[in-house]
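Pasting a structure below so you can have a look.
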Amino acid sequence: MLHTVNKSPFERTNLKSCLRLAGKGDAIMLIEDAVYAAVQGTAVADTMAGAKDDFQVYVMGPDLDARGISRDSVIDGINVVGYDGFVDLVVEHETSQAWL
Amino acid sequence: MKIGILVNEGPFNHQASDSAYQFTKAAIEKGHQVLRVFFYYDGVNNANKLAEPQSDDRNVSKRWTELAKQHRIDLVVCIAAALRRGIKEDILADGFRISGLGQLIEIGIAADRTVVFGD
Amino acid sequence: MEDEFQGTLETEGVRKNFMFLNRKAPYGSIYAQEIQEMVLISAAFEQNTAVVFMDDGVYQIKKGQDTSATGMKNFSPTYGIFQMEKEDAEEDEDVDVVWHIVVEKESMEARGLTPEDFVIDVEVMDAAELQKLMAEQDVILTG
Amino acid sequence: MKIGILVNEGPFNHQASDSAYQFTKAAIEKGHQVLRVFFYYDGVNNANKLAEPQSDDRNVSKRWTELAKQHRIDLVVCIAAALRRGIKEDILADGFRISGLGQLIEIGIAADRTVVFGD
Amino acid sequence: MLHTVNKSPFERTNLKSCLRLAGKGDAIMLIEDAVYAAVQGTAVADTMAGAKDDFQVYVMGPDLDARGISRDSVIDGINVVGYDGFVDLVVEHETSQAWL
Amino acid sequence: MEDEFQGTLETEGVRKNFMFLNRKAPYGSIYAQEIQEMVLISAAFEQNTAVVFMDDGVYQIKKGQDTSATGMKNFSPTYGIFQMEKEDAEEDEDVDVVWHIVVEKESMEARGLTPEDFVIDVEVMDAAELQKLMAEQDVILTG
């Protein structure tokens, strides 16, 4: 299963709900304001560093760029993809769940 | 692969319609078939043809119209949500049509994948 | 080609698992109300249906809603139709669709609620059980 | 007391416009003067006169129109936000007018209290 | 100063930001989905029970009613008011801040 | 009476303290972009102005924004105008309005950011200092 999260982990609990309900090995795609969750050195970085052991975590490159977040600052093991990579993830997983 | 899209938010106020557009474009470029894009909740506001964004910004509604024309994508606005918000034939942008919510359930049944974009 | 635009998609003979995931409180935003319409329309397509209330979504089915002083529409009676659809699906031998109406236990407890607080009968599932149900879905719609 | 109101969200999708309406009504009933209600962001969608909510639901736009008529309230829609979202004179509900964002700053300066409703 | 909060404390951090920035003795008006913060026996009830020692906390009665939250279940010391009471609070305090 | 509806409100000779409070991240929603227009228009009214970035609002002024691949408009250069307005207000002896451009320290640090990460010069205030500034305001606008 593919989970998409689009809200900032600092302001909303969407990511937390996603992590509670996602199954081991599921893919999580961080888009829009959720890309802040993928960055090193923040107050939520530890949560995400832990999450990537249980899940495959992806982050939308164009959304990082728009927000001025360097791709180098992304937590190791989180994969930066583009819209085409997002499409591939949707194709690879039978079901998508958007944590709106 | 057959893909269907649900857009839950209107233009500009949230990025949902932008993300859905970029995703749809990328899916088409990869050779997938986008069966239908369904607009629900405030998403119906994407179909307002009167929108005139500033010249240095994107025109969200027009961009959908053009993508639909180019790739024959079915853009469907939910009639109940549209009536509630005042999106009617008079102001409906090209390429969009107004229909029932059943058209969303059809996506779920007929498409291999359904992807939701919202707030 | 032109009829593709106006036509209906081929849905005959396909039965999928649909989940409607409610995570938002009622009235503060419209999602709870408009997703109801999705569920009702969906019922006509005879798909397997799981309506899930988690996070603030559990507040949607709280008993005793009275919107008169806010001037908004009280849409909580409509949840009764969900329950009827579920009962119909269970009783009608010609129809073999499966309905679930689920509340996530963790969300319910964090809000100090119990199944007696809800306007309809629900299955209470913990996160692990709900995760399994979610993994069985073909389509998950949310708002 | 002179009160000004800012409404940041459109009708139905969020409760902001409902709360602002109930607040405005209560303020008038208490004898205060509501100098102006300013609609910004998606709030401009409150002025779409084409809206036709279900018969058993409130009509958010019409309710503002009636309150404005009854109590001579100035309902102002921001022109830049409105153009971006396709709210134009053709579909503007009675009692609303389209003007610049300066009219919001005027509220802040001229009113004793400014109250904001949003998402 | 009067602070208004309209978001659920379970889903968003608006109330937390309000409590961090509000001055001792300030008034806090809970409206819309923030009324859930005023209820006894929830996971956030302790925070609010503490907050009412530092602030004057009010909750919108019609929003409680709409959501089926009994006025009897409101935490002791939090005052239930109507739209008219909200207007009075706005009048009593020179400045209003909406924690959107 | 009819001109009340079309007229402008009396603002002559009044100077108030206006705060524009930015708490939302850019691009995910439009608030950051449209509140910029409020600040710019407000400047013409020569009011005391405090532009505050707290919570996810601190991300609004992050350096290096490049929106090309999302197709959205990069509005971060406009913050430079805020800084110019502030500098003008400080330098022009005929104008005695006070400008503040503030970042809340706690919000900045939780996001691993420093003042060097921002496109404009900011005053960093902790929550206690910001609370004092907030208490001095006549009008607080937000989105």
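Lettered A, B, C, D, E and F in written order, each chain numbered from 1.
The definition used in the following text is that contacts are C-beta pairs under 8 Å (C-beta built on N, C-alpha and C of every residue); 3 or more make two chains touch, one makes a residue touch a chain.
Keep in mind that this is a model prediction, so the values were computed, not measured.
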item: Graph distance between chain E and chain F, where chains that touch are linked; value: 1
item: Comparison of A-B and C-E (more C-beta pairs in contact); value: C-E
item: Remotest chain, chain C as reference, centres from CA atoms; value: F
item: Distance between chain centroids, defined by C-alpha means - chain D, chain F (Å); value: 24
item: Rounded Å distance, chain C centre to chain D centre (Cα mean); value: 33
item: Rounded Å distance, chain A centre to chain D centre (Cα mean); value: 38
item: Residue numbers of chain D (touch at least two other chains); value: 8, 12-13, 15, 22, 41, 54, 57, 80, 114, 116, 118-119
item: Junction residues of chain C - those touching two or more other chains; value: 27-30, 55, 70, 72, 138-140, 142-143
item: Multi-chain contact sites of chain A, meaning residues that touch two or more partners; value: 6, 10-11, 13, 32-33, 62, 82, 94, 96, 98, 100
item: Interchain pairs in contact, sorted by label; value: A-B, A-C, A-E, A-F, B-C, B-D, B-F, C-D, C-E, D-E, D-F, E-F
item: Sites on chain A touched by chain C in the complex; value: 1, 13, 17, 20-23, 94-100
item: Of chain D, residues touching chain F in the complex; value: 6, 8, 35-36, 40-41, 72, 74, 80-81, 97, 100-111, 114, 116, 118
item: Residues of chain F touching chain A in the complex; value: 24-29, 55-56, 59, 62-70, 72, 74, 76, 110-112
item: Chain E - residues contacting chain A, complex; value: 10-13
item: Touching residues (chain side chain A, partner chain B) in the complex; value: 4, 6, 31-33, 62, 82-84, 86-88, 90-91, 94, 96, 98, 100
